[in-house]
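Down below are the structures I want you to see.
Heads up, the next two complexes both have chain A, just with different partners, chain B and then chain C.
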Partner chain A sequence: MDIKDKISTLVPGVEFKEQGDLIAVIPAASFHRAAEALRYDKEDAMDYLRDIVGMDWGETLGALYYLESTTTHARIVLRTETADRENPLLPSVSDLWKTAVIKEREAFDFFGIRFTGNPDMRRIFLREDWVGHPFRKDYDEKSNELNMNNEVNADVTTEYTLKADGTLTTEKHVVFEPDDFVVNVGPQHPSTHGALRLRVALDGETVKRVDPVCGYIHRGIEKMNESLTYPQTLALTDRLDYLSAHQSRHALCMCIEQAAGIEISERAKYIRTIMDELQRIDSHLLFYSCLVLDMGGFTPFFYGFREREMILQIMEETTGGRLIQNYNMIGGVQADLHPDFQKKVKEFIKHMRGIIHEYHEIFTGNVIVTTRLKGVGVLSKEDAISFGATGGTGRASGWANDVRKHHPYGLYDKVDFKEIVYTEGDSFARYMVRMDEIMESMKIIEQLIDNIPEGEYRVKTKPIIRIPEGNYSTSVESSRGEFAVFLESHGDKTPYRLHYRSTGLPLVHALDTACRGQKIADLIAIGASMDFVIPDIDR
Partner chain B sequence: MNTSFLDYYSIQPVTSWIHEALCSVMPEALAIFIECVVIGVVIVALYAVLAIILIYMERKVCAAFQCRIGPNRVGGKGGLLQVPADVLKILTKEIIRLKNSDHLLYDLAPYLVILASILSFSCLPWNKGAHILDMNIGILFVLAASSIGVVGILLAGWASNNKYTMIGAVRSGAMIISYELSLGIIVLSMVVLSETASISGIVESQANGWNLFKGHAIAILAFVVYLIAGNAEANRGPFDLAEAEQELTAGYHTEYSGLHFGFFYLAEYLNLFITAGFASTLFLGGWMPLHVAGLDGFNAVMDYIPGVVWFFGKTFFVVWLLMWIKWTFIRLRIDQVLVFEWKYLMPTSLLILILMVVLKVFGLVF
Partner chain C sequence: MKYEEFKNNDYLENMVKELQANGVNVAVSKLDDLINWGRSNSVWSFLLGTSCCAIEFMTLGAARYDMARFGFEVTRNSPRQGDVLLVLGTITNKMAPLMKRLYDQLAEPKYVVAVGGCTISGGPFKKSYHVVKGIDKIVPVDVYIPGCPPRPEAFYYGLMQLQRKIKLEHFFGGVNRKQPKPIEE
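What follows is the complex of A and B.
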C-alpha cells in the first residue's frame, strides 16, 4: 500500500505537501495515534526516527519528524503544529522512539514546545535559567544579560501530562538521589573528547547512571544560518564535526544543489567521493588513537597519528587546510586536485595496507584489550535503532544503516564495497567496525583514483542563490553516522530553517544504557568506542 | 670457587681510613655524627640526581617505542638539560592551598610518600662495603618501610576533599595492599634460597652464581612474578590505576601543585628504581660480576669492572624492562587487577615458595 494512502486511512483528511520532501501534515490531536501506527506497521515499520526538527511557522509552532524504515529504507516526514504560542503543547513520541526523549528536549529548549508524556523536559543546550527560546522568530536577542553565576543543575525532571479534560498535570522524576555519589566527568576532562560533561552516579567503581549535560560549546550555528546566504552557510559545516568536515559540507552542498537544480560535473563527484573516504580513514585512525589513549595505551596512540599525518598532508596540498578545509562548494569543489594527489593517495594506500598489521599486533590481539572490550557496553540492535545510534555504533549492533548503501549519493552506487556489520554490539565490535571500514574505504578510493574524468571541477553559480519554497533534505554517511541536512526555504536568499542531524547526540544519549552496571574505566572506553565529536552534538 | 675479586670490590678500606682520620682530630661520637650527616646529604643528592636520570631515560625510551625523538632542544642535541630545566620550574611553582582540604594531612601526605621511598632507597646495596642501612633482617625492613608509602597516597586522596582523588586513593590502597602479598612471598622464597634476610648477605650468597640461575626455572618464574608485583607496587602502567589520567585526571595527586606534586612524581620514579634495584639484588646478584663457569679469562675481565657499575647496569636493565612493559600495554581495570592478584598471582607465588623450600631442603639448587 502506498504510504500516502496508508496515512490517509489512519487520519482522515490529512494534507500532503510535496515541494521537495513528501510531508504529511497531521493535526496534533491525532498525531500520536498516527505515529504509533506507522512505528508498528506490519509491512513497513517506520522504526527509525531520524530527527525531530522544531519549527516556528509564524502563526504556529511545531515540529517535523523524519522517519525511516530499517527494512525497506523508505522515508516519510510528518508535520504537526500548535497554534498556541503562549503555552505550546505537543504529544510526545518518546514512548515510541527512545531518541525522541533527547530530541524533544532540544525542541523544547529552542522553541519552548512542551511535549506531554516526555519524562525529561529539562533544557539541553542552554542554561537552565535561560530566559526565552532563541529559535523562535520573535525572540529578543537582548533578553539575556551575561550571567556570571554558576549554573545549578536540577536533580529532578518534570513530566507534563495532558488530561482528557484539558488540564495539565506535572509529575517529578528523580535523576540523582540526594545521597548519590555523583562525579562530574568533564567539561574539562582528558577523555571526553571535547567540552562534554557527564554527571555520573557511582556505587564504588560501578556506574549507576550517566546524565549528559550538553551545550558547553553550543554556538547557535543553526540560528546563525537563518541570517546567512546559502554560500555563506557552507562556512559553518566544517565546524560541526571537524573529523567529518568533507562529508558534512558535501551534504549541505548536495541539498542546495538539489533544491536549486544545479547539476554538477562528473569530475566533481569523483573528487567529493574520494575526499569523503579519505576523511573517513582520517577519522577512523583518530578513533583508534583516542580509544587506545583512553584505555591507557600511549604507544599505539602515535601509530594512528603517524598515518593520519600522511592524509592531512595530502588534503593540505589540495585544499589548503588540515582540519577545517572549506573544500566543497555549491556546484563542485573549491579548487582542482593537486597534480601529485593521485600519486600520493596511491602511495598512502600501499603504505597503510603494509602497516595496518602493527595496529592489530599491539592492540587488537592483546589479552588486556580483549578482556576490557569484549562483552562490555552492549547495545542491542533494538536499542541502537530506537536511540538512532547510526554509523559504526549501530552497525556493531547488527543494524545495517550505511547511507552509502541504502540511499546512494556521489558515486557510491558505482563502486563495490562491503557494508561492515557486526552483531555483538559491544565495545570490541564497535572498534572492529572502524578498523574494517578503513580497509573498505581504501578499496573505494582504489576503484576511483585512476578513473577521475577530465572536466571542470566546479560549475559556475550565481553569488546569490534563491531556493524555491519547500522542504529539502539530504543525508550522507559521515565518519560517525548519518549526517543529514534539513532545509526549509520560503523562497528567500537565506534559509528559513536549516537543521543538521547530529551524529553524536544519539550516541551520548545511548551512553546511559550502555554504561549502567559497568566500571568507571569502562565508561571511558565505551565513550571512546562510540566515537562522538562534541561540536557536532552542540552545534 | 675463586672469591679473591670480593677483596678488590670492597670499599671498606677507604671508609675505614676516612673514619680513622676523622677520629684522630675529634671525638668518635662527633666523627660518627658528621659521617651520618654527610651520608644523609649524599643519599638525598643521589635520590634527586637519579630521578633526573630516570625521567630523562623514560622520555627517551618511550620516544623510541613511539617512533618519536624525545627531548632534543634544551641543552644541545640530546636535550640533556630538559629535565633539569623542568625540575627547576617545578621548584618555582606555587604550592596551592585548598580552602576545604584537611591542611595537616594534605601537607603531610607527600612527605610520607617520599619518606617511604628514601628509607627503602637507603637499603640498596651499592657496592661491597657501601651498604648504608644493613641489618640482619634488612629485606623485611624494606618491605615494611615501603608500605608507609600507601598511607601517604591514601591520606593525599582523602585530605584533598575531591571525588577523583578519593577514588584514586582507594584504588591504590586496594591494589598495593594486594600486591604486597605476592611481593613479600617472592622475597621470602629468595630469602630461603640465600639462607639470610640480610641484604648484604643475600648479595654475597650469590658470589658463586646469581639466584636467577641457582633456583632453576622456579627462580625465573619468581623473577617474573616479582616484576609484575613490583610494577604494581610502583603504581606504573599497566597498573597505574591510581593515577589513570584518562579516568581520574590525575588520581590521588590531582589537587597537588608545585613541590608537593614534585614529591609524588619523584617518589614514583625512584620507586621504579628501587623495585628494579631489589630485583637485581634478589635475582641478579646485586653488585656481583657475571661469571660463566669454565671461562676463566672472561671471568677475570668481568672482575675488573667495579661493583657499583654492575649494580647500576643491572638495575637500569630492569628499569628498561619495566619501561618496555609500561609503554606496550594498556591499563587494566580495577576488578581485573584484583582478580589477577588474588586468583592467579598469589597462588603462584605460594607455590613458588613451597617449591623453593623443597629444592633447598633436598639440596637441588646449584
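What follows is the complex of A and C.
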C-alpha cells in the first residue's frame, strides 16, 4: 500500500506537503497513535527515527520527525505542532524509539517544547539556569550574559503527563540517588575526544549508570545559519565533525544544489567521491591512533599518524588546507585537482596496502587488546536501531545501514564495494569494521582514480542563491555514521531553519546501555571504539 | 635554517664565550639565566583541547612534525603538572567557568597560549550567542597563535615566542611576573 494511503486511513483528514520532501501533517492529538502504527507496521516498519527537528513556525511551535524503515529503506517525514507558545506541549514518542529521549531534550532546550511522557526533560546543551530558548524566532540574543559561576546539575528529572481532562501532572525520576558514588569524567579529559562530560555512577568498579552532559562546545551553528546566506553557511560545516569535513560539506552542497536545481559536472562528482573516501581513511586512521592511545599504547599511534600525514599532504596540495579544507562549493569544488593528485593517491594506496599488516600485527592480535575489547560494551542490533546508532557502531551490531548502499549519492551506485557488517556488537567488532572499511575505501578510490573525466570542476552559480519554499534533505555516509542536512526554506536567500543530523549524539546516548555492568576502565575503550566527535554533537 | 641564523640561544653562547675568554671553567653566572634556560627548554603544556585545533595539535606530537625537538613535547592532562595552559579550540559560555577554574589550578609561574581564531576573538563563531569572544576576557594571555587551525609551523613559532618570554624573567629579586589583572566583569 502506498504510504500516503496508509497514513490517510490511520489519521482521517491528514494533509500532505510535497515541496521537496513528502511531509504528512498530523494533529498533535492523534500523533502518537499514528507514529505507533507506522513504527510497528507489518510491511515496512518505520523502526529507525533519523532525527527530530524542532521548529518555530511563527504561529506555532512543532517538530518534524524523519523516519526510515530498516528493511525497505523507505522514508517519510511527519509534522506536528501546537499553537500554544506560552506552554507548548507535544506527545513524546520516546516509548517507540529510544533515540527520541535525547532528541526531544534537544527540542526542549532550543524551543521550549515539553514532550509529555518523556522521562527526562532536562536541558541538554545549555546551562540549566539558562533563560529562554535560543532557537525561537523571538529570542533576544542579549538576554543571557556570560555566567562565570559554576553550574549545578540536578540529580532529578521531571516527567510531564497530560491527563485526559487536560490537566498536567508531573512525576519525578531520579538520575542519581543521594548515596550513589558518582565519578565525574570530563569535560577536560584526554580520552573523551573533546569536551564531553560523563557523570558515572559506580558500584565498586562496575558502572551502574552513565549520564552524559553535553553542550560544552555548543556554538549555536544552526542558529547562526539562519542569518547567513547559503554560500556562507558552508563555512561552518567543516567545523562540525572535522574528521568528516568533506562529507558534511558534500551533504550540504548536495542539498542546496538539489533544492535550487543546480546540476554539477561529472568531474566534480568524481572529485567529491574520491575526497570523501580519502577523508574516511584519514578519519579511520585517527580512530585507530586514538583508540590505541586511550588504551595506553603509544607506538601504534605513530603508525596511524604516519599514513595520515600522507593523506593530509595530498589534500593540502589540492585544497590548501590540512584539517579544515573548505573544498566543496555549491556547483562543484573550489579548485581543480593538483597535477600530481592521481599519482600520489595511487602511491599512497600501494603504500597503505603494503603496510597495513603492521597495524594488525602490533595491535589487533595482541592479547591485552582482545581481552579488553572482545565481548565488552555489547550493543544489540535492536538497541542500535532504536538509538539510531548509525555508521560503524551500528554495522558492528549487525545493522546494515550504509547510506552509500541504500541511498546512493555521488558515484556510489557505479562502484563496487562491500558493506562491512559484523554481528558481535562489541568493541572489537566496532574496531574491525573501521579497519575493514579502510580497505573498501581504497577499493573505491582505485576504481575511480584513473577514470576522472575532463570538464568543468565547478559550474558558475549566482552569489546570492534563493531556494524555493519547501523542505529539503540529503544524507551522506560520513566517517562515523549517517550525516544528514534538513533544510526548510521560505524562499529567502537565507535558510529558515537548517538542521544537521549529528552522528555522535545517538552514540553518546547509547553509551549508558553499552557500559552498564562493565568496568569503569573499559568505559574509555568503549567510548573510543564508538568514535564520536564532540563538536558534531553539540553543533 | 642555518645554525647562525637561529638567534634563539645566542645569549647562552655569548655567555660561554665570555667565560672561556676569561679562562673560567666554573660557571658563576647569574643563576637567573640558568634557571630560565632550563625552564624555557622544558615547557610542560597543559592541554585544554575542545575542538578542531586540538586535532591539529596532535599531529605535532607525531613523527612528521615532532615537537620534541624544541623542548615542549611533554603534555599533561592535569593542571597541577603544567606550566602553560594551551587553549585549543572554541571556548563556549558553558566552558568558560571551567577554563577559569583550570587556570586557577595551575601552579605559578603560569602562562596561557591562545591557539586559533576561536580563542582569540570567537573566530568563525563571533556572532554566536554561546561563544566567548576571546579568552583574554577571562584569563591573561601570553601568546596568540592565529589560524583556523594554525599550521604546525605556526604552533612552533608561537611556542618559541613563549620560550623567549620565559627567558626574560627574573626568578630572584623583583617581581617575577607583572601580569595585568584579567578584566573584571
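Here is the rule we go by: the second predicted complex is superposed on the first by the 539 of 539 C-alpha atoms of A that agree within 3 Å, B and C clash if a C-alpha of one lies under 4 Å from a C-alpha of the other, contacts with A are read in each partner's own complex, and residues count from 1 in each chain.
Please note the rule applied: a residue touches a chain if its C-beta (ideal position, glycine included) is under 8 Å from a C-beta of that chain, and two chains touch if they have at least 3 such contacts.
Worth saying up front: this structure is predicted, and the values here are computed from it rather than measured.
Residue contacts after overlaying the shared chain place A:Gly220 against chain C, while chain B stays out of touching range.
Of the two partner chains, chain B is the only one touched by A:Phe181; chain C is not. By the touch criterion defined above, A:Gly527 lies against neither chain B nor chain C after alignment on the C-alpha atoms of chain A. When chain A is checked against chain B and against chain C, the one touching more of its residues turns out to be C. After overlaying the two complexes on the shared chain, residue contacts for A:Gly392 are found with neither chain B nor chain C.
Within the superposed three-chain model, A:Pro506 lies out of touch with both chain B and chain C [touch as defined at top]. Of the two partner chains, chain C is the only one that A:Leu146 touches; chain B does not reach it.
Judged by the touch definition given at the top, the superposed model places A:Pro134 against chain C, while chain B stays out of reach. Looking at the shared chain after the overlay, A:Arg306 reaches both chain B and chain C. When the shared chain is aligned, chain B comes close enough to touch A:Asp294, but chain C does not. On chain A, the patch touched by chain B and the patch touched by chain C overlap at residues 189-190, 301-302, 306. Residues 181, 183, 189-191, 202, 205, 292-299, 301-303, 306, 362-363, 366, 368-369, 371-372, 519-522, 524 of chain A are the ones touching chain B in the complex.
Only residues 125-127, 134, 141, 144, 146-151, 187-190, 194-195, 215-221, 223-224, 227, 235-236, 239, 242-243, 286, 289, 301-302, 305-306, 308-309, 312, 322-324, 534-535 of chain A touch chain C when the two sit together in their complex.
If you check the complex, the residues on chain B that touch chain A are 62, 65-68, 163-164, 167, 171, 237-238, 240-241, 244-249, 327-336. Within the complex formed with chain A, the chain C residues making contact are 47-52, 54-56, 58-59, 62-64, 77, 89-90, 92-98, 100-102, 124-125, 127-132, 137-138, 148-149, 151, 185.
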